[in-house]
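What follows is subunit A paired twice: with subunit B in the first complex and subunit C in the second.
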Partner chain A sequence: MKLALKVTEVETLSPLVKRFRFEDPTGAELPVFSGGAHITVEMPEGDIIRRNSYSLISDPYDGSAYEIAVRREDQGRGGSLYMHTKVSEGDEITVSTPSNLFQLDLRARKHVLIGGGIGITPFLSQLKQLDMEQKPYELHYAARTRDEAAGLKLLPEAAHIHVHISDEGARMDIGAILDGQPLGTHVYTCGPEGLIEAVADQAARLNWPETAVHSEAFTAPPPGEPFDVVVKSTGQSITVKADQSLLEALEEAKVKVEYSCRGGACGRCQTKVTTCDGRILHNDHWLSEDERGAQQDIMPCMSRFKGTRLELDL
Partner chain B sequence: MPNTEFTPSIPSRPTYTGLVSQGAAPAIMVADEAGAGALIDLAASDASVMDHAHVVLIGCGVDVLRTPAPAAVHEAPDFEAATPVITQLLGEARMGTQLYLAGSEGLIGHVSAIAFAQGLPLDVIQSEHRGPIARRMQCVHCKGITEDVTTDPFTCSHCGLTLFVRDHFSRRLGVFQGVCVDAETPGVVPETVEIRP
Partner chain C sequence: MTMHFNDETFRGDYTYHNSPEAIRRFPFPFDQDSYMYSVNIEQHPGGPKGTPFEFKFDVDEHYVAEMKDREITLAEDPLRCQSLPHMELAGWDLLELIMVSKARDYPDLFTLHRDGNDWHWINKPLGIEKKFTFLDPTTLPCGPMEYITRQTQGDFALLHERDGNLWMDAGMVTSQADWSLDFDVGMNFFEWHAPVPKARKMGVFDKALKFLLAVGQGQHYRRLNWTMTVNPRLDTSPENYHKWGPEKRTITPENVGQKQFLRVELQTFFRLPRSNALAFPIRCYLANLEDLAIVPKWGRRLHRVLRDIDPDLADYKGFAVNQETIVTYLSQFDDGAPTSPGIFPDA
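== the complex of A and B ==
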């Protein structure tokens, strides 16, 4: 379901990060959500509509608005640049209703939240939910410099909220954070792959159960070299441009593909590959290593192709 | 006597895969008299498993535990007495602590439910069934729990309804669910049979 909203606030949080607030133009209440949820924002430019998913950073129980924080990626395929350069207060904007691929496990005795860089965003809504539910938690926010740490303006000051600025010599010590946590603790990480892997490695070393270790790494689809794709049912050949994802190219050609997160995390857009003369560049977090190697499935929201012929069962 | 093999049933029905040593990690072990045999076998496979183990024995004495000495042993006459001890041990435990449960389905279900309430994922709890197959059944109507149920149907020890022994299990409460067997046709009750594994 889509919502036609109005941009009511745009705030610069850091040189690279802006906060956006969206409200219903008639002042109606928006559907509430749960901590860690995201919305997909539509960014029309000429003939194409780009859609990026962003974590909600506002209060999950507050239906008066949705807020997101967007980091400008100059090397990206243009979604975040669009948000930074084309969207201003008073504009209309179309977004999806919220969905959540990064929920808290509320059975946990304690929650440890670890955010690196812009990966702080899903935790901003989660910590409001944890405060509301009166659940014990601690949050660790790591950034290179204070100037880059856009989340600082959005985090309350509290004893259980820890900021680690590596340029100030306060690097985050993951071992020290995880060691000695009470039985029944769950840890959640969002940020660069390296951080997610480091937390998972350290947790495994300390005998944490895998089911107590959660992460979210979904990002916007990467740009790449243009390539062609063939739709099996119609024989139609479609060119995927450098700054377009395969999913966006299919949508532009009016080929219907189911989707949800558009970040390679939810599995909804998984599509069968009927011919693959070349190599699929898998950029998702959904397919297993075996499935990647088999080259019989592709996640069009994130993945690209290099070779002579890619035909999809669409 | 090895781990009991139960007939495959609905997904709700718990299964017990047997105890496997996780080495000399801090551990909480809970067993009844029959379950102590599983702890003895566990220690025989790896004596170091007892190095940092707190053992809670329910309804039996430490003399049944013929293993290398654990870090500590706690004895309790029944579930009611054992519950605060287990809750305290879990409350003080750190991540990485292993939980080993051995004995009746009632014991495994009861302690799993306490650990579950403290945030421990159920898939990391090790369990082995030993001894009688009697079940702890909750009456879904009055919510009372009847201990040591060995027949199907049985009479709820709280409200007196005749209850059908289901494989439907509540992980939150750690008990099987019993449902009135003659609600549609009062008095028409199937023949009573012994429950089977």
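== the complex of A and C ==
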């Protein structure tokens, strides 16, 4: 479902990060949501519509507005640049209803939230939910420099909120954070791949159950070299441009593919590959190692192709 | 809109009955003359005016009597309503969904005033008026799920999503087709469906789970399921099998038309906003063969479906023992004429 909203605030949080606030133009209440949820924002440019998903950072039980924080990726496909350069207060903007691939497990006795860089965003709504639910938690926010740490302006000052700035010699010590946590603690990580792996490794070393370790890595699709794709049912050949995802190219060619997160995490757009003369560049977090190796499935929202012929069962 | 509520029972003397309007709006589950499992999912709500598909939560002439029957079942066995500690938020989500929907769809029967978290709920058919604070459980006489489902027809399961699966971590179950919440609570999607024959091999559950996990906020769906029950009994639970199981043996060629009921479940799915849980209401509708055959299309079709059904399914749905009597009775309504597609009566 889609919502036609209005941009009511744009704030620069750091040289690279802006905060956006969206409200219903008639003042109607928006659907409330759960901590860790995201929305997909439509960015129309000429004939094409780019869609990126962003974590909601506002109060999940407050229907008066949705807020997101967007980091400018100069090497990206242009979605974040669009948000930074083309969107201003008063503009109309179309977003999806919230959905959640990174929800809190409310069974936990305690929640440990670890955010690196822009990966702080999903925790901003989660900590509001944890406050309202009166659940014990601690949050760790790691950034390289204080200047880069856009999240500082959005975090409350509290004893259980810890900021680790590596340039100031306060590098985050994951082992120290996880060691000695009470039984029944769940840990959630969002940020660079390396951080997610480091937390998972450390948790495994400390014998945490796998089901108590959660992460969200979904990011915008990476650009790459252009390639061609063939639609099996029609024989149509479509070129995927360097700054376009395969999903976006299919949509531009009016080929219908189901999607939700557009970040390789939800599994919704999984598509069968009928011919693959070459190598699929899997960039998703959905397919297993075996599935990646088999090259019989692709996640068009994230993944690309290098080779002579890629044909999809569409 | 005014609504008449039947004075009737679902146990003992079994005075349950359907008015001519209730028969005509019955959610007949067969859209063709044969039956096999399918993931027969449609958007909800949505359907012709007056049908049980028109609103999110259908309220009909059996409302007050069904709520009385639930009260009796709960008093005898409080474990029919259970909510694991992490599911309270989902209970509030469900309470909001039902109160908001009913107040909008049945303004003559239900009223909801909201001022922030100060809520004022009026349920006229049950004579309830309550002021409470939303999300504050100390302001209700019981948990939010129990509170609202004591006022809403149908069983309810609240499913918690984690580890790529759904877990039945809360529910109110008093009108079930032979399954037990107390047994299933805490199970995942595959575990609680384990007794269903054939379907796992057919891949039905993998597809269904994938679909359910993808249900988003604001997208609601429904499907119909069915079974057969002797006597109009809501509580056909494993716990009380000794009470209703033997009744299956009371069917004779003379009484089958009145005593044998088609039991239809209108199952709906809602993604709940604050908890990200899935609500799974299962509403039960009962009509006996005699009443169903008043609609000529249904008489013909029911005969063909029950005559030709896979023996494993006849067994699972609990009517194999009476199948011959049922089919012989229904044959009088089947002149061999073709039936129109879809579930609704011919105009």
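By definition in this document, the second predicted complex is superposed on the first by the 314 of 314 C-alpha atoms of A that agree within 3 Å, B and C clash if a C-alpha of one lies under 4 Å from a C-alpha of the other, contacts with A are read in each partner's own complex, and residues count from 1 in each chain.
Everything below uses one rule, namely that contacts are C-beta pairs under 8 Å (C-beta built on N, C-alpha and C of every residue); 3 or more make two chains touch, one makes a residue touch a chain.
Model, not experiment: these values are computed from the prediction.
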| item | value |
| --- | --- |
| Subunit A as common anchor, with subunit B and subunit C clashing or fitting | clash |
| Touched partner set for A:S260, first subunit B, second subunit C, both or neither | second |
| Touched partner set for A:K110, first subunit B, second subunit C, both or neither | first |
| Superposition-derived comparison: subunit B or subunit C, residues of subunit A touched | C |
| Partner chain in contact with A:S14 - subunit B first, subunit C second, else both or neither | neither |
| Which superposed partner A:T211 touches (first subunit B, second subunit C, both, neither) | both |
| Touched partner set for A:Q126, first subunit B, second subunit C, both or neither | neither |
| Touching partner for A:G184 - first (subunit B), second (subunit C), both, neither | first |
| Touching partner for A:A37 - first (subunit B), second (subunit C), both, neither | second |
| Subunit A residues contacted in one complex by subunit B, in the other by subunit C | 105, 107, 211 |
| Residues of subunit B that touch subunit A when the two form their complex | 22, 25, 90-91, 93-98, 115-121, 123-124 |
| Subunit A to subunit B touching residues, read off their complex | 105, 107-110, 178, 180-186, 206-209, 211-212 |
| Residues of subunit C that touch subunit A when the two form their complex | 84-86, 89, 135, 161-163, 210, 214, 216-219, 271, 273-276 |
| Touch list for subunit A against partner subunit C, complex | 1, 31-34, 37, 60-61, 96-100, 103, 105-107, 129, 132-133, 211, 260, 266-268 |
